[in-house]
Amino acid sequence: MSIPLTWYLILAAALFCIGLYGVLSRKNAIAILLGIELMLNAVNINLVAFWRYLNPAQMAGQAFAVIVFAVAAAEVAVGLALIISVYRRRKTVVADEIDLMKW
Amino acid sequence: MTFWNNPINFIGNWLTGVLTSWHMPAALATILLYIVGIVVMIIFAMTLDIGLVWVERKVVARFQDRLGPNRIGPFGLIQPVADIIKMVIKEDITPAGADKIVYNIAPVLAATSVILLWAILPLASTIYGVDLNVGLLYIVAAGALGTLAIIMAGWSSNNKYALLGAFRMVSNMISYEIPMVIILLVPTILANTMSVKGITQAQSGMWFAILSPLALLIFLISAIAELGRSPFDLNEAESEIVAGFHIEYTGMKFGWFYAGELLHAFTFGGFMAIFFFGGYGGFFGLEKLGFLTWLNIPFVQALVFIAKAMFGYWVIMWVKYSVPRIRIDHMLAFNWKFLVPLSLVVLVNTAVLNKVLITLPSWLYVLGMFGSNILIGWVTIEILRAYGRKQRKAGEKPISPAQPQEQVA
Amino acid sequence: MTNWIIWLLPLPPLLAFFAIILFTNKNKALSHSIAVAAAGLSWLGSMIVFISAVGTTGFGKHVFESAINWLPTGTTWLQIGVRVDPLSAVVLFFVAWTVLAIFVYSIGYHNFGQPKGDHDLPGLPPHGATITDEGGHNHVVPSIEPMYARFFAFISLFAFGMYTLVVSNNLLTLFVGWEIMGLCSYLLIGFWFGKKSARDAAIKAFMTTRIGDVFMLLGIAFVYSATGSLSYKDIFQPQVLQALAGTPAFFGLSAAGMIGLLLFIGTVGKSAQWPLHVWLPDAMEGPTPVSAMIHAATMVSAGVYMAIRIYPLLSLDVHTMTVVAFIGSFTALFAATIAVAQNDIKKVLAYSTISQLGFMIAALGVHAYVAAAFHLVTHAFFKALLFLGSGSVIHGMEHGVLHTGEHVDAQDMFNMGGLRKKMPVTFWTFLIGGLALSGFPVLTAGFWSKDAIFAEAFGNGYVLVFIVLALAAFLTAFYTMRQITLTFFGEARTQAAEHASENKWTMTLPLVVLAIFAVGVGWVGMPAWFTGGLVPDWFHGFVGGTLTQAPETTAFNWIPVATSLVVALGGLLCGWLAYRNVSVPAEDRLQIPLLKNKYYFDEIYAFLFVRPAGWIAEKFTLLYMDQVVIDGFLHSLARFSLFLGHAFRNYFDKPVINEFIGDGAGKTVKASGFGLRKIQAGRIQYYMVVALVILAVFAFLVYFLKLGM
Amino acid sequence: MTAEQIIFLLTGVLVLGSAFMVVTVRNLLHAALWLVASLFGVAVLYAILQANFLAVVQVVIYIGAIAILFIFAVMLTRRQLLESGRQTRSSWWIPALLGLLILIGLVSLILSVPGLDRTASAMPVGLDTVQALGTALVSPDAYVLPFEVASVLMLAALVGAVYVASVDKK
């Protein structure tokens, strides 16, 4: 157990920022979702790391990580269903082109 | 601690001693020994795999009223070596437009996903890779990697048949993963642990196959589906999509898929033995008797385990060579409308009865568990019969989701 | 154990009511089976309670009582519970018997087992059905009541009310039972609601008793505010009574007297005492079992029961007692005179009932506590018997009417005659009841109870009351004999009477049972002078134990005994002599218009109350109060509101709200929308960048500049 | 440098490198596969953190389900897969700058908080994390409510996804 907590936190921060960049820079809606997955995982790393380093007997970190899993799965299922539905009607998956509600 | 009681640790300690005497840092030595262990395990598995090729060919021949390999070596035992040589020297084709890297990773990943399973497979009480406390989930996780490998193969081949096969395979595997995960909870509840070794030990008194025969049946069906073997072999259905996801693979790359499948089947036979037939142990407590203590020697246990696993493997083969392929919508309907609800019922039944009956004498406990399973099975069959009758009355061709199940049984 | 039975006593009829109303109302046989079974269950329980009460020595001191907390009133609880003491035990006894008898009787009376009527409609009495026998002859036979099941549901509910009232240990549940019976009497009197007379009678009965009930509720409220409790046990404690007697109230009465008077007005309404007696004769519009139920056995008895129950309160104030004695004796005489001139067989009995109830009230007024209770019991039996007997006569007559097709009133005694031979069981039982009512010496129950009243009235020094009651008793014997003579003796005066026939066992069996009681019940109260102390006056000892201080037995005196012998036998003889040969109303010399028309009380009430009420409603309330005052006020209010509305609209709503706030907000939003819509680019990533930039700026401000810390 | 640190660093390189590839490669299918690699690395991190259950579940859910879903989606929409065109927005430098800024901010934040450079204490003896997690997730005084809410969310997502993605029968 010789790894400082800081390492995990910095790794998670870096993963988060990479995911953020992906979300903001990609055009394809699926790719945006990929970035979101990275960000969620960065959060989970933090949760688990804090669980391990602060008080392993208290399962809060793991429990929240499990719930994040559930949310991620739900988000991907609905998100991809939406993308496929949009693709079926508009023949596009580019986020900027999905602008039917725009002024 | 002698070699006979704990061979792995014995060798490990010996090698550590040797390496540290060479002034190697302890950490490096540990890592090195891990690698050595992994390599040894892979070699063992692969060697076994070669044997399995022979077994498979011999058994299928008998099923089809043939003799099987009998030219090279005694009983054709050298035949697998000839097969390997043939595969290695075949032309290695990468189709035009294929995604080269993915195309080449896929077979390796397919074989890896199977070999990963061996990490938690306890051959004997002291011969095992690691005793994970989440062993059952680990099996599912490794299966997920297999799925990934197949979809990679299908995609990267740049071939419509391959892609179709991959799609079928993935829908198949993901669907049947659900009853499998649910039904794996039955041994978990009965043994109170998810550790594979713990489940083995929990069956020293009574096999879970007797406590929950329905769970065994469901596990067998979903395992066959997970393997993609007949009657669930529509991912590679030769008569429609030629060979499915590995249509473009030749030579040793195909060989990896092939070896992976065989080993996978054997491994699932092994898991069946572990979850339901007591694994390396499970002699109903007889091994505690004085004149039977030799059953506790690790190598004997390993032999027992392999025998049980071979039985499971044989059952899977039996099914494969007896039952025709079924249509994809039937397959999915069977899973979602029949297998998932049934496995949920079995799970709830087990969970409730396990709590209720645990205070009773053990023979009553066993009787209650077994009886409840029989009852559920009977009710299910009655429901299916009524459904089939209704279908026939409606004048349609009966689409009975029970067909594969009855044939399996 | 006994307490449990007492708690459960009222329950079977209630369950029967719901069962019939909700589930079995399509099935007539099942409905009456349920009702009779429920009545039987309650009967059984009552008998058990009664027998164990009789078997308890010193029962007056060791009553069956249990109570539960029911309504939280601040820190204390209003308790309700059950109590069976000697008084309620004997009441329970006759209620159980008469109710069961009436239930059984109703089966026959409503023609169970007969075919459905040809033209019968719900809400009208059955008109008979035509059936064809094997020979091809058409016969008209009685038809079954169209609302058969409903009748049994109603009388079950009625029985529930009565049982509740009897077993209550407090005035509140007594009042609940009281009101349930009031509702049922309304429903049952108006059972044949297709007849206008029945409808009117129902409304009249309901409204008249309501007057009494309102005063009674006031009395109950007064009791509660004065003593903080409603249960008999608390109210009738000597120190509480003493305190009540010492507290002055209104009109020169003490609190005890005031409460007693208010509660007594309830009795006056319920037991049809003058001046609230007018509803009872009209209530004869209901089916005869109802008449028996309401006017003999239960409901009117309930009023007297309550009066006897509150006797400890009543007796505290001499003025109240005077009022009670006056109303009782006056009613007794007054109703008896009317009864003499009635031709309708049931009307005679109705006025007789009023008169006899007057006897009881009068007895109470002269401190003849036990005698009142005794007469209550005996009267319940023989009057129930008489009513059921009259019903049997009417039923037999109706049979004759249907058979002959003659259009005569089946209830008019001048259309009868000679029924002695046609309906022997009815005749003999009716004769027994009539003799009991007249007070035929020694044998009948009526003699002993009336004699007790006379003896007490005389012995306690109320000579005037004694004389009035003696006169009333003479008249009673007279009109009873008149009724019997007209109905049963002589020759048949109509074809219908010629063809009248005896009824089924379901109707005659209750008559026989009740006849036995009409004779036998009197024997339990024979005074000591007659038996020579051989048999103790059981009734006096038993019921007298209800009071804290048991009343003393009056000393023997020849005058009241002789009086009661003379009036009873003399009245009977006069009646026989006068009506031996009378066959048409014209020959009856007592058809005086004043008596015939009941002293014009209905007309007086109509003139005094009904028409003024109508006039006030139409002229004053409608034309003046409603249309001028209230409408005027409302109209001016509306005009004012209209004015305000205009003012708001023109000077506030339009300029401020609409222009400034409404349109102004819209314009502002529109303008800002035009300005801000650049931000709404429809590009999620753009949104996210904006959000992140803002977040980063705030995080920078908060963290590095330590803002907000 | 202990063995553990070496493994951590290797895994970290795998995670971050794969993540970088996810957001930069043009071929979306490759991006999805890189995502698998990155998430597998995260699973290894969980294993190092001794969260065995989460490590395995990470593989089951992310690789077994989510990544497969992504690959499916990519395949189903591949007609529009602009493998030849640009995959990133023209103004890609703004997010990059933003990400970098946030990274710098977060790292400086992490480094400035005292006590975060601690190392982990040994696991409590006899603590079965799987059992403890299971108990925590279903015990009423712990996380049963969030757990149930999450399961309802899953159900809603299931129904919603099926409904949204289903073809109109009209």
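List of remarks:
Order as written gives the chain letters A, B, C and D; numbering starts at 1 within each chain.
Definition applied: a contact is a pair of C-beta atoms (placed from the backbone, for glycine too) under 8 Å apart; a residue touches a chain by one contact, two chains touch by 3 or more.
A quick note: this is a predicted structure, and the numbers were derived from the prediction, not measured.
Steps from chain B to chain C, minimised over paths through touching chains, total 2.
Of the two chain pairs examined here, A-D and B-D, the one linked by more C-beta pairs in contact is A-D.
Inter-chain centre distance (chain A to chain D, centres taken as mean C-alpha positions): 6 Å.
We define each chain's centre as the mean of its Cα atoms; on that basis chain B and chain D are separated by 28 Å. For the pair chain A and chain B, the distance between C-alpha centroids works out to 33 Å. Inter-chain centre distance (chain C to chain D, centres taken as mean C-alpha positions): 82 Å. Looking at chain A, residues 20, 23-25 sit in touch with two or more other chains. Multi-chain contact residues of chain C, defined as those touching 2 or more other chains: 685, 689, 692. Of all residues in chain D, those that touch two or more other chains are 2, 53, 57, 65, 72, 89, 94-95, 98, 102, 129.
Pairs of chains meeting the touch criterion: A-C, A-D, B-D, C-D.
Interface residues of chain D facing chain A in the complex, by the touch rule stated above, are 2, 4-5, 8, 12, 15-16, 19-20, 22-23, 28, 31-32, 35, 38-39, 42, 45-46, 48-51, 53-54, 57-58, 61-62, 65-66, 69-70, 72-74, 76-77, 79-82, 86-89, 92, 94-96, 98-100, 102-103, 106-107, 110-111, 116-124, 127, 129, 132-133, 135-137, 142-143, 146-147, 150-151, 153-154, 156-158, 160-162, 164-165, 167. Listed in rising order, the residues of chain B touching chain D in the complex are 27-28, 30-31, 99, 102, 132-134, 137-138, 140-141, 143-145, 147-148, 151-152, 155, 163, 167, 170, 174, 177, 194. Within the complex formed with chain D, the chain A residues making contact are 1-11, 13-28, 30-31, 33-35, 37-38, 41, 44-45, 48-49, 51-53, 56-57, 59-60, 62-67, 69-78, 80-85, 87-88, 91-94.
Residues of chain D that touch chain C in their complex: 89, 94-95, 98, 101-102, 105, 109. Of all residues in chain C, those touching chain D in their complex are 685, 689, 692-693, 696, 699-700, 703.
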